[in-house]
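Mind looking over this structure? Questions follow.
In order of appearance the chains are A, B, C and D, and numbering begins at 1 in each one.
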Amino acid sequence: MKLFEYQAKDIFKEAGIPIPNSVLIQEETMLEKALDTVKTPCVVKSQVLSGGRGKAGLVVFTKTKEDAQKETKRLFAKDLNIKHLLIEEAIDIKQEIYVSVTIDPNQASALLIVSKEGGVDIETLATERPEKIIKEPIDMRYGLMPYQASRVAYDLGFSKDITKALKNTFLKLYHIFVQYDAELVEINPLFITQDNIVVAGDGKLMIDDNSMFRQQRYEKGQTDYKSDAEYEAAQEGIPFIEFDGDIGLMCAGAGLTTTVYDLIHYEGGTIANYLEFGGPNYKKAVKSMEICLKVPSKVILVVTFGTIARADVMASGIVEAIKQLKPDRPIVTCIRGTNEKEAVNILKEAGLEPVFDTEEAVRKAVDIAKGGSK
Amino acid sequence: MSIFIDQTTTVCVQGITGKEGSFWTKHMIELGTQVVCGVTPGKEGQTVENKPVYNSVKKAAQQHNIDASMLFVPPRFTKDAVFEALDAGIKKIVTIGDGIPLHDMVAIRQAAKVHNAMVVGGNTSGVISPKLAMMGSFPHWIERVYKKGNIGIMTRSGSLTNEVTAMVVAAGYGVSTLIGVGGDPVPGTRFAEFLELYENDPETEAVVIIGELGGTMEEEVAEAINDKRFTKPLVAFLGGRTAPKGQKMGHAGAIISGGKGSVEDKIEALTKAGALVAERPRLVGELLEELGVSKA
Amino acid sequence: MKLFEYQAKDIFKEAGIPIPNSVLIQEETMLEKALDTVKTPCVVKSQVLSGGRGKAGLVVFTKTKEDAQKETKRLFAKDLNIKHLLIEEAIDIKQEIYVSVTIDPNQASALLIVSKEGGVDIETLATERPEKIIKEPIDMRYGLMPYQASRVAYDLGFSKDITKALKNTFLKLYHIFVQYDAELVEINPLFITQDNIVVAGDGKLMIDDNSMFRQQRYEKGQTDYKSDAEYEAAQEGIPFIEFDGDIGLMCAGAGLTTTVYDLIHYEGGTIANYLEFGGPNYKKAVKSMEICLKVPSKVILVVTFGTIARADVMASGIVEAIKQLKPDRPIVTCIRGTNEKEAVNILKEAGLEPVFDTEEAVRKAVDIAKGGSK
Amino acid sequence: MSIFIDQTTTVCVQGITGKEGSFWTKHMIELGTQVVCGVTPGKEGQTVENKPVYNSVKKAAQQHNIDASMLFVPPRFTKDAVFEALDAGIKKIVTIGDGIPLHDMVAIRQAAKVHNAMVVGGNTSGVISPKLAMMGSFPHWIERVYKKGNIGIMTRSGSLTNEVTAMVVAAGYGVSTLIGVGGDPVPGTRFAEFLELYENDPETEAVVIIGELGGTMEEEVAEAINDKRFTKPLVAFLGGRTAPKGQKMGHAGAIISGGKGSVEDKIEALTKAGALVAERPRLVGELLEELGVSKA
């Protein structure tokens, strides 16, 4: 689960990492009071989870109260669908640093990643000038040791005060990483102010979804989802992503799904949604199809090759779903795996024309989507 | 003979009395797997498929010679169960659980290294050598997939494995040993770490890897070929060429892999190393033929 | 630092380990109210740090209110110097178990120690029937893993409910061990009641003295010391133990001190006190002698062979102490080590007769104590 | 030549700019020790006794070949400093700090084992080979104690070491290498673990151990003699024969050592193994003579 900037910064603050003075607002009318605390010049920051907010005009520096009002109005406009703005004091910046803690899957360690060239796109920096990036492996049995944090901080070559503040920031960031079962915790940029204070300019914290059972603090609410269909799927525990193409996908397994996704593109088709029909969801055909039908699409394509997810159970589910939901669009099925012969019979008996080859099923769905034969 | 597991490997099943545990224990034995005992705390004295159940792996290991342990354990208890197996000196462990906490998997992989052991999984169906033995949850009865032969298969995926393997079999080949390393960001053992076993396995003439976007496991395979640590023919199929970017892992994930991780990068690395990459599952068989791999 | 039973039990309770219903009282008049909560029959338990409280009559089972009153009065009598009594409900016991967590110095691990034969003297059991004791090594990098706690619990052979409760008790006890930087945390006996509940019958927790800087919860107060001299020494950070013999010892280093202790006994002498004059205390001669003079003794014996603790500094200190304090008893010195020649001169100039050999010094002190020549 | 440290051993001093650090660095060099550099975070660029100071051990190790590290670091930072030295690949570490937290010492000893390194201390004066080199805080200028010779000495104590060693020297002997293992309940390295070094050291003809009540280090020495892992003459002096019982450690401490730990037990174990035990410091020299140990 990806947290919003303001949530990450709350956690930083609690851990003792300095953050800029700021107020979170949910509507335009709250700005006036926020500016009593924050003062102009300030930064108006849209709380959205996508990257590149600056380039997209979703984070704006404003000099005057009037500017701030104008930007707030613009960003709260309905079509942008932004729920929160963070009104944050403008910091007098001397330097920007990059800091993060994440996992190194190969070494089975955590990794403290630091660069003196923060603020920029760190991915680009990693490719073009990897020597600008310090990577310190952390044995998670011992945690980040003070000597490591100290060594990395000194290697950056700042004055003693800043070095000490950086060392403490690294140690606190690692502590957050462990405490929140994080995939990634990142401060980019970490400001060094003209007064030689270290302040978190941004905050990213991704909690491992598999650890949510022991991370009770954050639960996703309806406003955290892009659409009602995604929210409804999440309530059922069904992985679901909405796109804007023509073919609704009910597929079992991430690997098979991405492959079908590729095959559809090879055939010139487009995807309306991803829905994970495998794993524990294989018995949830009715609910799954109900969610798929909420998304505009021209055809629904079901592809499975199941192991524990039995083909006959899935076939029966699809038949039941069609009976109950009476879908307004064609359904193409390619259901294989355990008890696949029974599955074929079930589908045929219900009057469907099951396909048994993935590529053939994909071609059929793309044909329908393009307006070809049903 | 085969790699990792064969008909002589003695297997303990942790979580043997559970629904999944007992169901797959039956099928593992059916295929020929030497399941010798099981473990479920509090169920000592019971039997499953005539195999005795113990309260702890240590106790089981005192009564039986155990080569490998198969875990049917909920994800949140997997770390504890793996550590218990390692503690009892077991060097081959397969865990299929989907949803193991990331930090737990880091601890598991590290502990396995320290113990000089191999943990396969999680989020996988396990390991199977058709007609000989399996540890995991494969529908080994689907003959158009689990046919014995001379192709080693490694995969990060579940149903895609069935899809691709069915194509390999349709092309006239069969499988020596299939290893599902698992779909999680931190698998217990990585593609490249199994290559030595395949390299030394006389039953394996070529290897197929079924990869996907993200991580660097496929690049590590390319390195192994470059370093001549693996010299047999290798064909890869990679899902996710057209997947939308950055749906999940952020910047730092990309940094660790040094800007690698996209399917394009993987194709480039593998192709440079001399492996063939199939665009569609259907083509995997064709490419094996192209490399002159014999049909049994 | 050794905690009292009631302090250890507070910690057990916070950690979720069940303890008997109890009330702590500081004077006789508080019993009445305590018995409103606890009811008779109850156990009246003196809160002292020494072992063998039962045999010494310091823990008494009382059937009636009158009994409880009688025992409370007896135990609060001045000469016993008991500050707190724990009035505790009597538990209907089915079995007593021994559990502790401590360190194995050789293996550099922690150790969970469990025996089904609790309540008895575990030291004796360890010597006579070691097979009755389960020792589970704990890699402190990973902590006590649930499978270990479970395995040990099942090995005891109780019913499933009790086994589960024991497993949780082990895990919680280890957690306390780590949290409090313990040398030892022990529950002996751990009761299994007739209702199959697991309850801590006693509690021992020894916090590592070297870790007190990060264990802020407990600080020793004046009432925790046996005498004013011990309290005063502790305030100065000077290790000090009071005995009831004739020779006051100011010695540098634990090893040399125990050796001098042995040599005094070989000569037929007895010790009035131990005072650690080495380490950082070598400059505190005046304060040290002041403390020694508070304890009845016939002679003060100073023995050092110092490294960082310079002999000349210690000699000057002793001379200064004699000048300031005008001691009422003879002082025998045997001060060696860095700058020992200067030390001899300093002592001689001050009119003392420094000895240079430990055995000779001991003999001289014992002679004086026995009433011989000064 | 000598054991653990000699005039060729290159030494880094952690905490070199502190009062203690700079004082003893001077004396270590004076004796002949090859101090090559020091470490104090934030003091890089300075020098102490003409030796360069670095911000981290890693950086020091990039500039110098370091065999051993000497720590003058406060007890509460000792664990971090030892781990830093181990991380830099240093295999011999001496830490003299008195007051290292118990659980930190457990971590230190365990990490040392994992790294196949030796940590001497804490709560000790360190290691000295008279006239050659030292790591620690010995008043090596006291000639009636630190005289070169053929007796290896190991001790748990500070001033008692001076007392006993002075007696050994008074009897006409001298010291090959003196190791203070330290007075804490969990020393980094134990008596018996040094015996192999003394056994193989041609400069050492006999060993004296200065022990005391508590723990099992002396019993382990007896075992090593029994197992013929140590075959040279050995004399022990043990303080605390008449000490009041149980002033500190409770029951559990006694259990670990299986009821051992009293001076009586230690004397019995050592005597059975064939070692001689001196009743008083003065007698140590006599017993060495009795064993026929030659005077240099």
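Here is the rule we use: contacts are C-beta pairs under 8 Å (C-beta built on N, C-alpha and C of every residue); 3 or more make two chains touch, one makes a residue touch a chain.
Here the structure is a predicted model, which is why all the values come from computation and not from measurement.
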item: Selected interface, B-C versus A-C, where C-beta contact pairs are more numerous; value: B-C
item: Label of the chain whose CA centroid is most distant from the centroid of chain D; value: A
item: Where chain B and chain D are represented by their mean Cα positions, the distance between them in whole Å; value: 50
item: Chain A and chain D, separation of their C-alpha mean positions in angstrom; value: 56
item: Per-residue multi-chain contacts in chain A, two or more chains; value: 141-142
item: Sites on chain B at which at least two other chains make contact; value: 107
item: Arrangement of touching chains [line / ring / star / complete / other]; value: other
item: Chain-chain contacts as defined at top; value: A-B, A-C, A-D, B-C, C-D
item: Complex contact set, residues of chain C against chain D; value: 51, 100-106, 108-111, 113, 121-123, 126-127, 130, 133, 135, 139-141, 178, 181, 183-184, 186, 188, 204, 206, 208, 210-211, 213-214, 241, 243, 252-256, 258-259, 261-263, 265-266, 278-279, 304-309, 336-338, 340, 358-359
item: Sites on chain D touched by chain C in the complex; value: 20, 75-76, 98-103, 106-107, 109-110, 113, 125, 137-139, 141-142, 155-163, 166, 183, 185-187, 190, 210, 212-213, 215-216, 220, 239-244, 246-247, 249-256, 258-259, 279-282
item: For the chain C and chain A complex, residues of the former touching the latter; value: 141-142
item: Residues of chain C touching chain B in the complex; value: 142, 145-148, 150-151, 154, 160, 163
item: Complex contact set, residues of chain D against chain A; value: 41-42, 44, 55-59, 77, 80-81, 83-84, 87, 107, 111
